[in-house]
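You will see chain A twice below: alongside chain B first, and alongside chain C after that.
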Partner chain A sequence: MTYEQLKEKINSISDKLIKVEQTSPKRLYLLCESENAYKVNRFVFEDLKARFVVATGIDSDNCYEIIYHFSYDQLGTFLNVKAFIRDRNNPHIESITPFIPGAEWTEREIHDILGVEFKNHPNMKKLILADNWPDGKHPIKKDYEYKKLK
Partner chain B sequence: MRWWKKVALKKSPWVFHVNAGACNNCDIEIVDCITPRFDVERFGVKLVGSPRHADALLVTGVVTEQVTPRLQEVYRQTAKPCVVFAIGACACDRGIFTPGYHVAGPVDKVIREIDPNAIIAYVPGCPPKPEAIISGIVKALKAL
Partner chain C sequence: MKISLKKSVLAIGPFHPLQEEMEFFQLTVDGEIVTDIDVRLSYNHRGIEKISETMQFDQIPFLVSRICGICSASHPLAYIQAVEELAGIIPPDRARYVRTIINELERLHSHILWVGLAGHFIGYDTVFMWAWKYREPVLDILEKITGNRNNYGNVKVGGCREDIDDAIIAEILKELDKIEKKMDMITKAVLDDPILQARLKGVGVLTKQDAILYAVTGPTARASGVDIDVRRDDPYAAYGELDWKVITQTKGDVFAKAVVRLLEIFESIKIVRQALKKLPKGPISVEVKQIPAGEAIGHAEAPRGETFHYVRSDGGNRPVRHKVRAPSYVNVPSFKASCIGANISDVTITLAAVDPCYSCTERLAVVGGADSKVLCDGRELLRLSRSKTEQMRKQAGFKEGFKFE
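And then the complex of A and B:
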């Protein structure tokens, strides 16, 4: 498959995307809202047969961003599905673990330190924070108060 | 301390290595100490597998919240009298991790929570050289 064919295939789900952004020759961003993220991820994983690498979470200015990094090995391209979570008070997104088991830990880690709820996650337990860590506190959030240097 | 206890402690200190959240650099330097190049075993310093056999604890790394009760339990199980060595900048005073959300405190604070009279020696450095670790152990045992 050539690059143009790949872009054409991506265009078939353009109604679920906000836009497709090419930041470099080897990187395509698929921007979407959190409600459509599950279907976009499923399309990238099962129809395009891209390989899931990792997911990252960002506490952005007025929303949370979850970026799912997929590697499209045929062309050596990265497909990055960027999902915007606009609801800051109760951030939630559909989990992709049911069809990509490898995403389990990275989603648990994002849940731990960023506080994003992953719906339908099969095993949402604490992963990296201490056992006595209080519920509802998420250290990577911007409003988390760090200890002051003395 | 009874004189014979002091002799037994200083003659051949067996050490137990505790990683309390280190980045592994200090651990590599400790392992370096027992390689043939430095070979601290010729002085009777031996790494042992259980704190119950140890005279000294080599604690590396900033003490995280999760490891605090474990480190205190290891200290409780160590035969007294014992010496605690805080190896590296993080163990001495948290280093760059001072404002971290997962940090419980430097080694001396965590150990003194359960034993205010604990003997604690510090070997600063990031990571300390094997020479510095050997020198720290010698100086601490001389000062007893």
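And then the complex of A and C:
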């Protein structure tokens, strides 16, 4: 598939996307709302056959962002599905682990550090936090205060 | 209290702070067959991503080179490529070649190290001794170039810190010839050995489908027929200008992983040799000014697979988010696909075949399900693995054990 064909294919799900950004020739960002993230991820993984790399959870100013990084190795291009979670009080998103088992750890990690709930995740246990870590404390959140923990 | 002997839990780990990763494998075993595996990690979480947010862009390469003792060239390189992409910096030609040379030497010594340890796990201590002996000259070359055997600290945003002295190039090339000859001998001895073939073929198979679903990378993926390599797919440093090939296998077993790593050693030597001969003249770094706001991705092929860095900047002198993904993060969960149904004596080598933290496999313990009594420890499991090889040798008509003359 050429680069143009790839862009055309991405356009076929444009109703699920807010927009497509290109930060550099080989880096595409597919921006979407959290409700559509599952379908977009499924499209990228199963229809485009891109390789799942990892997901990044970010605490932005007024929302949470989950960026699912996929690598389209044929063209050496990164397809990044950026999902915005607007509900800061009850952040949740559909888990992609049911169809990408390799995403299990990264979703557990984001749940640990950012407190985002992944719905239908098959094995939502702590991954990087200690077993006795207090509930509701998520260390990568901007309002997390380091010194108060003890 | 009735103790069920059918289902026992085999605990591997949890940690050894001297190694690059700490993991705890809990295997559920039915007799000698593994029925389930659970992995726990992060016993020694260092919070590198969070620390990175408190450091300046030019300090972070030194931080990320300490993520892993062996991948201390590929982590900073992946990070630097992300920052260079963000700021639109193009490193000078000579710097790209120096980066290539250091990264390939890193792969070379890492793969040789793996060959030695894999030999040790299945009772081939001669392979272990030889491999480690011939790994030393590689570390010596790295020391000559960067001043360090590990944690080279040689890359920076915009280029490299230390140049390769043209006077030592001839010396390095001579040393590479020697290493190649010795590795050729080891490779032939290992791959032609009928016992090793019997012991490793069909063990710990990861199918192509599972390799894609578990998103594995590096030699683990290439041994299962997934033809990916960042060096070729998204060329960085000088890889796009050199002649080399990606090694793939189709079987996905431990033997295939060994073949991939052993043959990659020769490709690495080929790359280093070409890069040294073609090394362009000129400066090794460019001046870096402001890092603008935005986000960028850098990735590099580390010895174990793809190292991935994501950097977001708000225009200040520190990143607001820095995500790191090391290759073992995706390779280790694939044990769920490759270990279930395997025999306990094959578990050590299956775990070792993806090249994770060896200390974990050294700290194995079989614990009974109900009363948590230790049934056998790591030494015992290592003995099981080695005695299986010994049995195969006897069945094939070889004499017991081997002695150095």
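Following the convention adopted for this analysis, the second predicted complex is superposed on the first by the 147 of 150 C-alpha atoms of A that agree within 3 Å, B and C clash if a C-alpha of one lies under 4 Å from a C-alpha of the other, contacts with A are read in each partner's own complex, and residues count from 1 in each chain.
The criterion applied here is as follows: contacts are C-beta pairs under 8 Å (C-beta built on N, C-alpha and C of every residue); 3 or more make two chains touch, one makes a residue touch a chain.
This one's a predicted model, so the numbers in the text were calculated from it and none came from an experiment.
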{"item": "Partner chain(s) touched by A:132 [first = chain B, second = chain C, both, neither]", "value": "first"}
{"item": "Which of chain B and chain C A:34 touches, first, second, both or neither", "value": "neither"}
{"item": "Contact breadth on chain A, by residue count: chain C or chain B", "value": "C"}
{"item": "Touched partner set for A:95, first chain B, second chain C, both or neither", "value": "neither"}
{"item": "Which of chain B and chain C A:51 touches, first, second, both or neither", "value": "second"}
{"item": "Where chain A meets both chain C and chain B, residue numbers", "value": "129, 139"}
{"item": "Complex interface listing, chain A residues touching chain C", "value": "23-24, 26-27, 51-54, 56, 58, 67, 69, 71, 73-74, 76-78, 80, 100-106, 127-129, 139-140"}
{"item": "Chain B residues within the chain A interface of the complex", "value": "64-66, 98-103"}
{"item": "Residue ranges of chain C touching chain A (in the complex, touch as defined)", "value": "41-42, 45, 47, 49-50, 85, 212-216, 228, 233-235, 294-297, 299, 306, 308, 310, 312, 321, 323, 325, 329-330, 333-334, 336"}
{"item": "Chain B partner contacts - residues on chain A that touch it in the complex", "value": "129-133, 139, 144, 146-149"}
